Amino acid sequence: MTTYFGVDVADVIETMPSRFRKEAAAGISGRFGYDLGEAGRWRLAVRDGDAALAPAEDLDDCLAVVATDPQTFVGIQLGKIDATEAMALQKLTVAGDRGAFGSITRLFQKYLPPGEEALPDTELVVLKQTISVGQTFATGPVMGRFLKGLKQKKILAMRCPVCGRLQSPPREICAVCRVRNTEWVEVGPKGEMRMLEYVYYASPDPLTGETRETPYGAIGVLLDGCRDEEVFWHLLNPAQLDRVQMGSVIDGQVRHGSRLRPVWAENRTGSIDDIQYFELDD
Amino acid sequence: MQSDFDTSDCYTIEGKLALPYTYFAGRVGSRFITTLRDQHKIMGVRCDACDTVFVPPRQTCERCLGDLTDSWCEVGSRGRVVNFTVVRYPDRHLPRPVPYVLAMILLEGADTPIVHLLEGIPPEQVAVDMAVEAVFAETTTHTIRDIDHFKPCDA
Amino acid sequence: MKKNRNVGIIGVGQSVYSSHREEVNQPEMIHEAVVEALESAGVTIDDVDCIVHGNMELFEMIHQPDLWHVLGTGAYGKETLRVTTGGTTGATLVAAADHLVASGLHDVVLAIGFEKLQEGHTTGGITNMADPLWGRQLQTGALTGMTAAQMIDEFGEERAKKVAMKYRIQMDQHAMKNNKAHRRLGLSPDQAEELAENSPQLVGELRMIHMCSQSDGACAMVFASEEKAKALCDQPAWIKDHVTAHREEMFCIFGDAPVLSTHRYAAQKLFGRCGITNPREEIDLFEMYDPSSWWGSDWLREFLLLEGDAHLKMIENDDIAIDGAFPVNPSGGVIASNPIGATAMVRVAEAALQVMGRAGDHQVPKTVNQALASGFGGTMWTVLFLLTREVPS
Amino acid sequence: MARRVGICAVAQTTYQRDKWHERFQGMALEVLEPLLAQTGLDFSEDKGIGMSISVSDDIFDARTISDNGMTDVLGAHMRCEEKIAQEGIQALYYGLAAIQGGHVDAALVLGHCKESQPKSRNMVTHMAFDPFYTRPVGLDFTAAAGLQAQAYADRSDVGDTHLADIVARAGRMAQLNPATPETPVWTREEVLASPMLADPIRAHHAYPVSDGAVGMILAAEETARAICDHPVWITGVGNCMDSFFLGDRDLASNFALKQAAARAYQRAGIDQPHDRFDVVEVSDQFAYQQPMWMEGLGLVDEGQGGAWIAGGGPDAMNVNRSGGMLAGNPLILGGLVRAAEVALQLMGLAGERQVADARCGLAHGVMGPAGQFHSVAILERD
């Protein structure tokens, strides 16, 4: 086999089971594929804290498959190549469950080329933890009244007494005019989509610590009764991500976006979750 | 100044702040922890300019900004209590059910005491100057808790 | 308003920017920048009167981190100030140091911005900036595809995508000249099409290749009063003026009405105060906080008070190249290196190095008499600095 | 000489254990509106408030960029806002610098915090400790204070009864302060009977969990005189950082506070601080800190804390007429509230707790485990 950075690809692969940190793998199981192009293909089976590795032709049964060239693979193992950069350059791809693959790669101790002893001072200690502190968030009178409105399937906005601008969710004051908002009005609940953030990237939700499911769509809806930039922020039915059209205005020319309606939750408690998401109002 | 507005629309929503973290001990901190873990030895660093042996070790002397990376010295796993308190308020971030003793312990050969748990003695019997020794942890946490706690010993 | 006394930047230090800093903890990484800044200024820690510190706490979840970091900052026994404003923190730290020296409270101030993004989850941490009852459930960090969507709408898909990728590759070519830069990919223009097609999508047409890095790193700068700066440094970079503009939290710029950007607002105000009527002629270069190549491309129009497609032409005509008519981010910018709490400071620091003629391999091939630097953060918050080679009168 | 800077207006909410009915923005507005009304200032670009200096904390607020949701209620939309992420009294230090430097003529200072929002205040301060050496043994600011109290008490002969008297007095003082409506009045015996928290600190020795907001308007002399009848001048500031690890410090030495005070005295031109101040407000998060900080400030002789309490020193020197931190302020706002209180005294606006003809006062703030960082401000009126 060919060597890269002075290291044999096979040595990196074959030492994987011995570098597997059993104590950290409790409760993790699954098959993971390594497609290293000309160097070959392997399947890593993780179960009950054990890891077994075998050459494999077919990786279709794997939860996730990483595909890269042997040089990139060895370079990443040795810390000579940055995995994120390799992904940005398409030199490394992960098909399937990226999250699961990410958690598996962290279960291995760092690869050390033959002859390099793991001296105490070369081991760099890492501490992983999820920090969680319970919180009691107050609504205050303004956000409270708005959220209570959702319970009754009403979307409320506040109007600035000076410029007339509507804000929903409402604010205590109009930032532009620097006066207290005074008048409540009901808007929507239907509207037109003006903005879609089509999110492919899975990140943790700090309110739960759980990783979000992707893809999802965060949207801005111009609710009926609103104008200009008075856009309402929520989610789109993920099944309709590819069926919606964003509206826009260029040089005063308006192009209308898809009509949307809220889908109300069965049990409403006075929170953002009282609207499950918006969907096409066909 | 009292909030005298109508609070009928006000309520609270329970939630949390929960995010994942990965802390790096660095070269100096790692050597301290792995030596503790693998050899049950407690290491400090010596700043010659300030004539001080610091525990826990650090890369830079904050007094003179001298580099202490390679100024390792072993200190004893025994020492004496120089100060202590008894933690009696229960909370999730605490390492033990309360009450427990949190002591400042000056190890043999060190000039700066460390803060650690003192067990094996009722809190009311703890006294300044008493001799204590480290009890090393059976499983590593990769922190200073690779010393599980200190316990009283013969002087 | 008249400044009480002039303030000069006399030293800059930067740690290595990388996503692999397992060998140092937070104070140790900060210390690298501190040592280099003091050396660069030709002073010792004893000469420093006050230390200014800032970052974003939830990226590492260290409460009031200047307390622990005293192990690396040199703040023991000294006066300190800790200021944070999200992504703009680094620039705010420079503003704070400017005030502390200008006021006469201190003659020499050291300011430090840092972040160790590998110790937390960057996108999760940014998401947590949204209101806990509305928005935290919806936001995905600082990732947005909307600028791409708008540029595609306005200029057509082909031209917009080409410009964003050209900007990206230009920044990488700059980063290749900056040995401090984190991501130096060695991209060449002939890769543009392939990257535009194949780089993974994050949000809409914002792809991984467009987005800034997540770096560990620290930046430190030394500031001195006019008298001290002249005594200690042959060519300080002088702080002429700065403008900060924040924007309300809940807002949308995607409706029917054009919204004045904080960038344009800050630029109008700064240029007005400093008598600049033609920024592209009178200013010699720009270090911009460019979180993605879409934003970087789009924001040129705002900061330089341009209209229509003038900003696209600047990119298409190589004006923004290191040897172009109006160099932008000769350092490689934020797309190359992004330790968030330091990032905005790095913009000012890099602009200062260019003014001082000490930018090394990425020094622009002309005298820099006036340099612009911007910080970005929060909900479209901006801080804009103007540095000069001559002592401001 | 840089120009003088004055405090021209002060406003605060009440401090309560749980302002469940209000969010940060509402609390801030309750402070902003009276400040603008008192001074007649607005945020106009030519002659209004040039910058907003906020004080809050990302971890207490559980919010990345804790000032991000506050822009509108800080008047800072399309304006300059900067956040002090340190003890709140540092906002004075910063505002002084920005105005003396010439960048702005007037600045708003406004801090908020709700300690009731996180499940545990100690869990927040626990995060101030490093992940490998000090977090794993469970340190937080309360446990660190226990260690410092232990070290200090012996050295200065401060006993349990002294501490009970400090707490009982704080409760009595708080009754005269409309900002602290919930502070209980405990007798010496009740304090002595309260359970231990972190020996020798008892439950009643610790400042109560509290929610609230406080603010001020600072202005350069010319502006100050135009908008205010009784500006209070910031004549001296000083602060100092000590070592991080508790073991690196002599916990009873007041190293950082002595430095901070010396710097403030020097800038204010004060040689003999001992008899200089008509009112003093120190951040006594725990009862032992009141005598300890007074020693550190050089206002009580070293080692004489116990004797000072026994001799009625707190009343004689007008220390914490507001009730102090023991009456309840959020941790990060403690020093800023102290400065607000001294300013009110010097303005003659302290109501029932007014000290007659107060002309010069000292305000103190502290942050970090066992007083790692101290900040002192000297305030004077004409």
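Odds and ends about this structure:
Note that the chains are named A, B, C and D in the order they appear, and that numbering of residues resets to 1 at the start of each chain.
Everything below uses one rule, namely that a contact is a pair of C-beta atoms (placed from the backbone, for glycine too) under 8 Å apart; a residue touches a chain by one contact, two chains touch by 3 or more.
For clarity, every value in this text was computed on a predicted model and none was experimentally measured.
The minimal number of chain-to-chain contact steps leading from chain A to chain D is 1. When C-beta pairs in contact are tallied for each pair of chains, C-D comes out on top. Chain C and chain D, compared by their mean Cα positions, are separated by 34 Å.
Centre to centre, using the average C-alpha position, chain B and chain D are separated by 29 Å.
With centres taken as mean Cα positions, chain C sits 37 Å from chain B. Among all residues of chain B, those that touch two or more other chains are 7, 10-13, 15, 17, 19-27, 29, 33, 62, 142-143. The set of chain C residues touching two or more other chains comprises 22-23, 25, 58, 61, 70-71, 76, 121, 124-125, 127-128, 131-133, 248.
Contact with two or more other chains is made by residues 124-127, 131, 133-143, 171, 175-176, 204, 206-207, 271 of chain A. Interface residues of chain D facing chain A in the complex, by the touch rule stated above, are 19-23, 25-26, 29, 42-43, 62, 71-73, 75, 77, 114, 116-120, 123-124, 127, 131-132. Those residues of chain A that touch chain C in the shared complex are 79, 82, 84-85, 87-90, 124, 126, 131, 135, 137, 139, 143, 147, 167, 169, 171, 175-176, 194-201, 203-207, 218, 220, 222, 227-231, 233-235, 246, 248-250, 254, 271-273. Interface residues of chain B, counted against chain A in their complex, comprise 5-7, 9-27, 29-31, 33-35, 38-39, 142-143.
Of all residues in chain B, those touching chain D in their complex are 1-3, 7, 10-12, 17, 21, 23, 25, 29, 33, 54-56, 62, 83-89, 91-96, 102, 104, 106, 112-117, 123, 141-145.
Residues of chain C touching chain D in their complex: 1-4, 25, 51, 54, 56-59, 61-71, 75-86, 92, 95-96, 98-105, 125-129, 131-132, 243-249, 260, 262, 265, 377-379.
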